[in-house]
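Next come two complexes, and both contain chain A; in the first it sits with chain B, in the second with chain C.
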Partner chain A sequence: MGSLFRSEEMALCQLFLQSEAAYACVSELGELGLVQFRDLNPVVNAFQRKFVNEVRRCDEMERKLRYLEKEIKKDGIPMLDTGESPEAPQPREMIDLEATFEKLENELREVNQNAEALKRNFLELTELKHILRKTQVFFDEQEGGLNHTTESMTRALITDEVRTAGASMGPVQLGFMEKSIDREDYLPCFVAGVILREKLPAFERMLWRACRGNVFLRQAMIESPLEDPTNGDQVYKSVFIIFFQGDQLKTRVKKICEGFRATLYPCPEAPADRREMAMGVMTRIEDLNTVLGQTQDHRHRVLVAAAKNLKNWFVKVRKIKAIYHTLNLFNLDVTQKCLIAECWVPLLDIETIQLALRRGTERSGSSVPPILNRMQTFENPPTYNRTNKFTKAFQALIDAYGVASYREMNPAPYTIITFPFLFAVMFGDLGHGAIMALFGLWMIRKEKGLAAQKTDNEIWNIFFAGRYIIFLMGAFSMYTGLIYNDIFSKSLNIFGSHWHLSYNKSTVWNNNFLQLSPATSDYEGTPYPFGLDPIWQVATSNKIVFQNAYKMKISIIFGVLHMIFGVIMSWHNHTYFRNRLSLIYEFIPQLVFLLVLFFYMVLLMFIKWNRYEATNAFPMTEACAPSILITFIDMVLFKESKPPGKDCHVYMFWGQSFFQTVFVLIALACIPVMLLGKPIKIMQARKLANEEVQPITGGSSDAEVGGMPNGGGGGHHDEEEMSEIFIHQGIHTIEYVLGSVSHTASYLRLWALSLAHAQLAEVLWTMVLSLGLNKEGWLGGIFLTVVFAFWAVLTVGILVLMEGLSAFLHTLRLHWVEFQSKFYMGQGYAFAPFSFDSIIENGSAAAGETE
Partner chain B sequence: MGAAVLLVLFFTGLWAAIGIGGSIITPRGPQQKLTQCILMLTAGCCWLFWLCCYMAQMNPLIGPRLSKKVIQVMAQSWNMPITDG
Partner chain C sequence: MKICGPKCSLCGLIISVWGIVQLVLMGLFFYIHSVALIEDLPLEEEYKTLDAFYTAANSAYNQNAYNCWIAACIYVLTLLLSAQQFYMNSRVTAN
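Moving on, here comes the complex of A and B:
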């Protein structure tokens, strides 16, 4: 049996590894990705496990690597990603790696600290430079016109604050000490500093209030922004200089400066001193610039060297951590010399796994070979479906509903074709299908390149993962588009229409609408060879009437066939699990019920298509064709049908009423069989087993009870109550019987969506594109270009994307509910092997999210 | 029957060749059964879809209702001239 049709056979194995070889063996198994380990120490705390120290060391290494990554990203250095995965390093290499990371981290931290200190220094020097420059302006004004400026200053000092004592209003003299009057009493001082521009007004107000207007502030803006050393922001600052007299004011001014975080600088009074200082500052700034440049270069070099290996190191560290996490799941045996593991492995891969184990032991240089021992168990194994890049997407569609139970029929291989096909029935348009197929084809051709660019864009990832589905959906849509004869709402006329005109001029002139008749030579006698006749597209008034009848019938035909297929799958399940009771008392009545009622309806459709012809003799003309729906309803209600027209026959073929009665009776008879057959049989089997238990201890399980090899005989303390079995069976039966009607009607969505799609396409044509095509001349050409752009955007956006998504969802629902409810249990759990590939993918994804 | 028997046989044969013949000639390998399943399902679905469309038009119960403009255009481009009178 092909591997995808059922999930793989799994075996629970015990693995005995020598302690020295354990690391290497687990590493090999991780590369293989075929083994699912079980936790043998579930009650042990994570901090008490055997290898917790190693895991901690790995965490520490990862932290250092993340720090390095952050610094590299800050500088914008590209990180090399070859995409290949290095092998997990040996335990002794771990120490080397730790040392390397430690060294790199320390170096980087040191460089960063130095850079910060240098930048702080640089900032101070720059501010000092600005102060010297700006205060030069202040002092120049003083020297230029001392008298009136002093007067203006004193006036400024006096006018605003009337109640200040006169004594403190001595003339403030700068740079002309010999002219001062009371020099010893009033020591004119000043402080110069730099403050953030935003704080300046508040600073001024505070100074004014606190010093009662006895200080004088002058300020000038620094035009270029300065870099804050801690966070690298560019801030605007201003230079200020405050003049005051007296010690008290001095302390007050200094305190206020501290409070507003203004930095004060020593500024010499004499201009010569200031010039000297300015030159000194300039040289120091030059030197600092050089040093800073060199520091940045060094940091850049270190980071570039690290960036080459960073991805490699990340992978290695993650692999080591994964190996130690896995080793933590193992049990140490009594002799403390070997580790025991329990794992699920696929039966077909036991050879490969043993080879991998042997490789691991050889690499570690151990002499004792590992032992892989298969255990018998009654536990439920995980479900493993071996998929390749093509079948993976379809399996994902099925697993999204529920993972298959162990070894039950997998619907995925059939879904590969039925899913795109049912989608195409709803989407049928040659043009839109071509767009979709080309998009899918492009993604498939460029697979490798597109897969290598790992993006976080969810929507793109979903589209890319489903590229094969999209391509198949597009290809089938092109086929159904050809059959529906619909390309962007127009029809192709390849073979010539099989309907012909036979009117003369006066008839045409005098009638707004003329209807061709299938009874006359209007209809050629045989239909258009491939698909719908192109004349229906132009027969806008009754195209929908004809198409409705056609599409509804095909929806029911395909729906009933899909459901019968589902019921037949349950037969495979029952035979495999040797569930004879279910086979006889569930599968057979279910199938008979479906066939006798709904497949009969399908047959009626085919009969009606065949027997009623316009050119036939009387009772079988088109006027007498009965409605299948009414026939079906009357059949189920045991009502006598009315003839569809005057003098017409009620029935399509001889004996129809007899067959119909028989079919309905058979269907009704199936219901109690479904409802009561299996529970009664179980009850009988239990009674038999109980009777056997009395004389013989330890009753044998009766083969008639069936079910899984968990047996059913003997003490039934762990089995279901009889009442529960009856209730379950009742629910199952009602679900099936009512479901068969509702699901059959549910397939009519195939008709509904294809009608909606065709109508939308027609609206776009009539309301958008034809307006553009109707214009003439040069202006018409430009108008047409604009209209075409609009039409194209709407086609792709509404018809391909929106309708495509809608049809996709409906098809998914049809598969999940209508098809799978006939046979699928979906109670399993997925096989989650220990695989480095998936851990690294998840690890990088998780790291990407946290950043 | 309003069916062209040859045409029905042609398409049935075509899809049978793809479905059954294709399944026979698929190369052996791990994917052989899957490929056979895919080919047979494709052939079955596509053939049935074509057949339903063909049979629905075989014996039509109504004819298309055409407007005056459409008849005139049809007469010109589909080579179905309107007779005088």
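Moving on, here comes the complex of A and C:
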């Protein structure tokens, strides 16, 4: 197996496939997922390729399947997803599949059409039913009601214009002449219909305006929603009936009804006719209902049968399509007998690929074995890091910054430890760490089940993909929480504090502020066995001062070690790429610069911790301990520091002043070496080569430029301008020198975030949970229950989620900027093998998006 | 009977378990008069005599310990309730 330290060695191979065997072979390779094919006819557009017809057929099949899927989803039928992926079918099976889908689609379309027609019919009948029922009420009112209603109604209806023709009112009433003649109070003409409820107010106003108030509109709501047959929506409608007089008004009213898309229905005037019609409608509705039910049943049966196989079919079609797409990338041999492919292959897997090819040939029944032929190339191979479910997330963190250049040192294996650790330094709290670790552990334990239920919830998917990171971050935070002795901002006194109170009662009673001196018997003289002494929990006035001093130093120490480690990684890169120039003129001065300045500062911290103690004789007491930061600044400025107290020594050890001067001088001397060393050497080499009048080959400078895998093809670096080289080197040097100062300071974020986290936790405890605890009496218990729930929610929401996210981002930055800038180029491109798994995964994801 | 949904019951379940564990432990720490928790006691700013302070502090410690345990007991009840709800919900989804 390949290692995680560097990406896999890749080879460009040429593959000769017999035309008949090509399909089966590519199918086998797709199952394997270890081969990245290159497009050999990039100039040919998609429509001129060889297998464009097959691809089009696959597209068509996919369209049909998507239609089926849509219909199945509409009916809410569960789709069977076994999760297994069937093998890519033979090309001849494609016809069967096509026929099946064609049949299914046609059947479904027919059923749908029928159902729609039936539904439209049904809708009309229901509307008519409602009209008959509602108008019944109107007519009842009119006939059975008192006379004055009708009178007032008619009076309102008759305008001046109509009144002039009042005498000859009779003949105008087309529909029910006899009746109106019989009766004193005639009935006007009317139309009845159904309209969408939201259109009704506008409809009413329009009628009023257009007919100058000469129509009378009655309306009633249909309580139950009706189904729109075209799109299946539930719509609310109202029944209306309009009374008017005269032909002109009639046409006008009808036009308005048309304009508002109201459907008009004939409504007989006589109650007996209406009753008869209502009966007829009811029976027809019942008949329709049975027919509709049968249609639905049929449709359901068809869909249920399709749902069983749908996922399977999708996988099959996508596989066929992927294979033909890949075959389109190939070149056709002159004799048309074989296809030529070029592909990137991991060197270690050539055997497996050969085996797969042989399987493919056997399956297709071809006698000529395929030929896999390694090619020489100057192109940069893709970067392929073999990962498993544990390392995958960490590799993703690295790749998010930039895919490693080919065969470059991969920071991922170190990140597995340093990432959770630096996170934990900022997040140190036993309680919060435990919550996070438990969450991670739960996701890991339920891995298979959770992975099976694919969701589109992006946040959940991110958490789930990073489950191992979350678990490790939580576990490491528990450790640092123990070191900081913080559990929800409280301390645990596990081993017994090593500080003791020696004050008597009256001293305690009479003084507001008392100190414990480490010089006296207050302190046992040995530190607390593990982590911070719990006594600091109650030292309210100088707890933060003490912790800051500790945490700041700790973060600088970790930071400098992390950066030195990064620089050492660059040594591995230089030796691997035989980059002697960079090794001598970049790596060594860089390392020396970092060591003499910043590692020296780290050493000073340890010296200070060791040499100064409260119990020591005078010049070495804690009061005389010099400040590391001041010492360091004065060292760089060549200045004599002021002693920290009267009669104290300025320096911590003999000869410190001399060493410091030497160190700064060495560091300064490193800068010109970094700046000029490499460009001058390259210049010399070029001059030499020019004198010998031959291209630069084999020389150290060539190894440097040729071996650096940045950019596309090889060898073009030879002609890089000298001035450009100087400028590049200048930028790199300035970046490194200034960077090492700012990066060291940047690691102080470890301290800052850890301080912020501890303080926030404490604030939450005192502002929320303390309220519950401070309640006197027995009711406090109930109050505490409520307050505790509130506190727990806030703890998870603010401290674990938000603080966790912020600490995560800062850790990510420390890795990307402060650590990886020391050695990581990140200019490669990722290996994207032809693999059915990823194609099907992406296919379903894309389908999910479009919905 | 179903009162709350699957997420709500799960939330109740988790907070109940957490509450039981932490409150039982906190009650224990109050009971043994842990100094770290002295700031969470309902005490006055000033006391006339030392003895007065001691008696007040002792009773407050004990009271807080009992309060914590009472709260833990209430959480046992909510645990049972949410567990029942959770069971109901899971049975409904299983059907």
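Criterion: the second predicted complex is superposed on the first by the 662 of 851 C-alpha atoms of A that agree within 3 Å, B and C clash if a C-alpha of one lies under 4 Å from a C-alpha of the other, contacts with A are read in each partner's own complex, and residues count from 1 in each chain.
The criterion applied here is as follows: a contact is a pair of C-beta atoms (placed from the backbone, for glycine too) under 8 Å apart; a residue touches a chain by one contact, two chains touch by 3 or more.
Quick caveat, the model's predicted, so the values are computed rather than measured.
Chemist: In the superposed arrangement, which partner chain does A:225 touch: chain B (first), chain C (second), both, or neither?
Modeler: A:225: touches no partner chain.
Chemist: Output check: A:259 vs chain B and chain C. Expected answer is one of first, second, both, neither. What do you get?
Modeler: A:259 contacts neither chain B nor chain C.
Chemist: Touch check for A:789: first (chain B), second (chain C), both, or neither?
Modeler: second
Chemist: Please work out whether A:774 is in contact with chain B alone, chain C alone, both, or neither, and reply first, second, both or neither.
Modeler: In the superposition, A:774 touches chain C alone.
Chemist: A:493 in the overlay: touching chain B, chain C, both, or neither? Say first, second, both or neither.
Modeler: both
Chemist: Quick one: is A:538 in contact with chain B, with chain C, with both, or with neither? Answer first, second, both or neither.
Modeler: The answer is both, since A:538 touches chain B and chain C.
Chemist: Examine A:86 and indicate which partner it touches, taking first as chain B and second as chain C; both and neither are also allowed.
Modeler: neither
Chemist: Of the partners chain B and chain C, which touch A:505 in the superposed model: first, second, both, neither?
Modeler: A:505 sits against chain B and chain C alike.
Chemist: Who touches more of chain A, chain B or chain C?
Modeler: Partner with more touched residues of chain A: B.
Chemist: In the superposed arrangement, what residues of chain A touch both chain B and chain C?
Modeler: The overlap between the chain B and chain C interfaces on chain A comprises residues 493, 505, 509, 538.
Chemist: Which residues of chain A touch chain C once you look at their complex with the stated criterion?
Modeler: The touching residues are 490-491, 493, 505, 509, 534, 537-538, 766, 769-770, 772-778, 780-782, 784-785, 788-789, 792-793.
Chemist: Along chain A, where are the residues that touch chain B in the complex?
Modeler: Touching chain B: residues 1-5, 388, 391, 413-414, 416-418, 421, 425, 479-480, 483, 493, 496-497, 499-506, 508-509, 511-518, 522-523, 525-533, 535-536, 538-543, 545-546, 549-550, 553-554, 557-558, 561, 606, 609-614, 622, 625 of chain A.
Chemist: Quick check on the complex: what are the chain B residues that touch chain A?
Modeler: Against chain A, the touching part of chain B is residues 1-4, 7, 30-34, 37-38, 41-42, 45-46, 48-50, 52-68, 70-72, 74-75, 78, 80, 82-85.
Chemist: Report the residues of chain C in contact with chain A in the complex, numbered from low to high.
Modeler: Checking each residue of chain C against chain A gives 15, 18-19, 22-23, 34-42, 50, 60, 63-64, 66-71, 74-75, 78.
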